[in-house]
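Should a chain be cited, it is by its letter among A, B, C and D, assigned in written order, with residues numbered from 1 in that chain.
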Amino acid sequence: MTTVTVWNEYRHERNDEEAREVYPEGIHATIADFLEDEGFETRTATLDEPEHGLTEEVLDDTDVLTWWGHEAHDEVEDEIVERVHERVLSGMGLLVLHSGHFSKIFKRLMGTTCDLKWRNEGEKERLWLVEPGHPIAEGVPESIEVPEAEMYGERFDVPAPDTLVFNSWFEGGEVFRSGCCYRRGSGRVFYFRPGHETYPIYKQPEIQKVVANAVSWATPISNSDTSFGNVPKPPEDG
Amino acid sequence: MTTVTVWNEYRHERNDEEAREVYPEGIHATIADFLEDEGFETRTATLDEPEHGLTEEVLDDTDVLTWWGHEAHDEVEDEIVERVHERVLSGMGLLVLHSGHFSKIFKRLMGTTCDLKWRNEGEKERLWLVEPGHPIAEGVPESIEVPEAEMYGERFDVPAPDTLVFNSWFEGGEVFRSGCCYRRGSGRVFYFRPGHETYPIYKQPEIQKVVANAVSWATPISNSDTSFGNVPKPPEDG
Amino acid sequence: MTTVTVWNEYRHERNDEEAREVYPEGIHATIADFLEDEGFETRTATLDEPEHGLTEEVLDDTDVLTWWGHEAHDEVEDEIVERVHERVLSGMGLLVLHSGHFSKIFKRLMGTTCDLKWRNEGEKERLWLVEPGHPIAEGVPESIEVPEAEMYGERFDVPAPDTLVFNSWFEGGEVFRSGCCYRRGSGRVFYFRPGHETYPIYKQPEIQKVVANAVSWATPISNSDTSFGNVPKPPEDG
Amino acid sequence: MTTVTVWNEYRHERNDEEAREVYPEGIHATIADFLEDEGFETRTATLDEPEHGLTEEVLDDTDVLTWWGHEAHDEVEDEIVERVHERVLSGMGLLVLHSGHFSKIFKRLMGTTCDLKWRNEGEKERLWLVEPGHPIAEGVPESIEVPEAEMYGERFDVPAPDTLVFNSWFEGGEVFRSGCCYRRGSGRVFYFRPGHETYPIYKQPEIQKVVANAVSWATPISNSDTSFGNVPKPPEDG
């Protein structure tokens, strides 16, 4: 069974009234709850825990890590970023959610600025499915409407995704590649745009379905045979 | 110097008043004109000419072929489609414009239905550049507004493009991958969504710039060394 | 449970002594057997059955179709090719094996010649895993040695695969992209190079493991919401 | 005209007799020479110059940077790596050669370990062209033989290239994706495997041709319009 660690910066929901009303127990609690309901084993971890809750022991027991952060990306210690980075390259799945596009770990994996346009006016977003046969699309309708969202617009400065699953439309006139699959090392990374601390987006069933599908998709396979380095003896020498 | 053959079905502009007003000499004349101005050598060819104007001689002297068709895709003879197909695989560039998504040649190259959603209500379209460093983006602003367009919406049933250059936003709520690069055989194919017989879209300078850039990008390189078939003697036998 | 239809031309094994010795019941029997052992529900179908064994009823009950053909590609009726093509675009998985690169259905889906270099001298082949985190790599060693194989060499004239899983080395000096994933329509296609009528390649456990993994990977998801065509009412009209 | 800065670690050729015999003026001198002959404007820069020769002024006047390093990757200062990284994302082309796979700048751009297998026994390498229509393939034969090379073998731990142009075969039994195109930010990156301090590989005309083609391909286009950050006014407000 896939074990998920749901990571959250967990600042807005403690310091900002509006965010607390939407996610009183924190965004991580909401995400962990619906993933439990989908049959995953879940735990949570947050920024202000020792080692941000991401100890070697926790990561040893994590198949997929979900990441939500917004205002305190810089407070994530580089050592923990390196630790998570190594785990992803070794096969751990990673789901980067919404404002996590600017997290150290996502920028580290992408190698680019991960910058974009944004506007927080509660605009309508509509996600269109561009790859209906992809596992992340299982049981997902061909479009998902998010009534109120912070807009993210192109150019999204990331490497072209290995697979683009969703494209978003925004009321104010922008578009965004909002569901992006990447393979990095032996691990799989999914960037999923929707979600914000002041909109109840993670309470929408279709959004929950996508996140759950992405967890399944990012679950590592058992394959630990890759070797690197000097190979003094050619295979052809038998 | 790149030689371009601008192909047009050329029916709407002869039979439909509204189209004739926008493109009195035919869409091909407008496209050939601005490509001439950009320094390309151009000729035109149309459906009702013998062999649809695409004789072996014409194709021998064509670096890039642009394709516009809408209501008479079925009248293009299979033999000519095969002829063009072979040329593309051998290196000839192909630009497929707007309703050309349903042309025989595009479907032949893609291997899929190339179907999509559509609505012709003169909606506003805004193309966003998602790959600003791509040659097709040279000198192109980060977004292009088309005041009135026929809407095309996702799911666009094509293989994922090798490179996605533009993403379109539509007034009515849809999005579309509107600038798609493909490599097929030794040839390059660019699908570009904008353009319609009753809107003066090919008269917009930014749209013309994209088409001209795409012609440059799709120009074949000189490389005719690829061999296929039985190789009785292994390279290792020297 | 995934249901697999194992298709075979089934001519060599009846007409050619050498092939009959390796696969006395036909290649399809060997493939169906090991897939059964892996827990799939299997049936077989062959060229000389009515409708090549690929009736609408059979395809209605097929999640993944595997395809092996070599000397009689032209005898596969176009109508059946179209039938299979539609099924793939609607989500049915397709595994194209070895000489199936020249089958009508593979060429139809790829849109290219699918040509390559070849030499049948019983050379050693070594498949290297280039994407160790891919589901098709589950439990597969980092290289697989095939003691005797027909060589296929680059240039392989196919669209660049969405994901390249294996790269092959050949004794005589060539390389080949030997495990290629494609998404076409809602379906997934895997081309897997190894296998030949006169070498017992499909009896190798690692090769069997790859084929079984590919069947799992290509199993359709449940998602039938994609709509196409005219959408008179914009989503924004509510 | 494209201006190229040819960067070299330049240690082997000063400290190691064998390397000095092959490249008495340094690898950078050889590369700069043949690029001059191809019509590019070139300069060189080396590790032991102030700021490694990569001052802001030098980079202001660089369209494409080529990178060769082997034993002293760690001595490249992080500040210079960040400077080069920003330039690449802003459009500067980057060619990473051979052992540069382990340079800080390449790892920074890829986001992965960039590890591989290696063996330095002077084995024969044969590069096969897998994308004959690609601009980097212009005038290049379908295979290039390198008589003696250090072997690099898969798994090469990089993101799947946007385009794979060459695949290498090695005498000892390995394969390698040896010509890999990436788009990062507005810049283009080409990793090209051949080259080593003790083999005269950069004196081979076909190898020189590929490097020259890659410089042309990686030359930035003029397009500086991309904007990021807050967009308070939606485009739809006119």
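Following the convention adopted for this analysis, a contact is a pair of C-beta atoms (placed from the backbone, for glycine too) under 8 Å apart; a residue touches a chain by one contact, two chains touch by 3 or more.
Just so we're clear, the structure is a prediction, and the values are computed from it rather than from any experiment.
Enquirer: Determine the shortest chain-contact distance, in steps, between subunit A and subunit C.
Expert: Contact-graph shortest path, subunit A to subunit C, evaluates to 1.
Enquirer: Considering B-C alongside A-B, which chain pair is linked by more C-beta pairs in contact?
Expert: Between the two chain pairs, B-C has more contacting C-beta pairs.
Enquirer: Relative to subunit A, which chain's C-alpha centre is the most remote?
Expert: B
Enquirer: Given that subunit A and subunit D are copies of one sequence and touch, is their interface built from the same residue numbers on both sides (over half shared) or different ones?
Expert: Counting which numbers both chains contribute, over half are shared, so the two copies meet through the same residues.
Enquirer: Averaged over CA atoms, how far is the centre of subunit A from the centre of subunit B? Could you give it in whole Å?
Expert: Taking the average C-alpha coordinate of subunit A and of subunit B, the gap between them is 36 Å.
Enquirer: Distance from the CA centroid of subunit B to that of subunit C, rounded to the nearest Å?
Expert: Computed from C-alpha means, the inter-chain centre distance equals 32 Å.
Enquirer: Using the touch definition from the top, which residues of subunit A touch two or more other chains?
Expert: 126, 129, 131-132, 142, 153, 155, 160, 162-163, 173-174, 183, 185, 226-227, 235 - these are the residues of subunit A that touch more than one other chain.
Enquirer: List the residues on subunit D that touch subunit A in their complex, please.
Expert: Against subunit A, subunit D makes touches at 89, 108-113, 115-119, 121, 123, 151, 153, 155, 157, 159-160, 162, 171-174, 182-185, 226-232, 234-237.
Enquirer: Taking the complex as given, what residues does subunit B use to touch subunit A?
Expert: 126, 128-132, 142, 153-156, 160, 163-164, 167-170, 173-175, 177
Enquirer: Considering only the defined contacts, which subunit A positions touch subunit C in the complex?
Expert: Per the stated touch rule, the residues are 91, 126, 129, 131-135, 137-143, 145, 162-163, 183, 185-188, 220-223, 225-227, 235.
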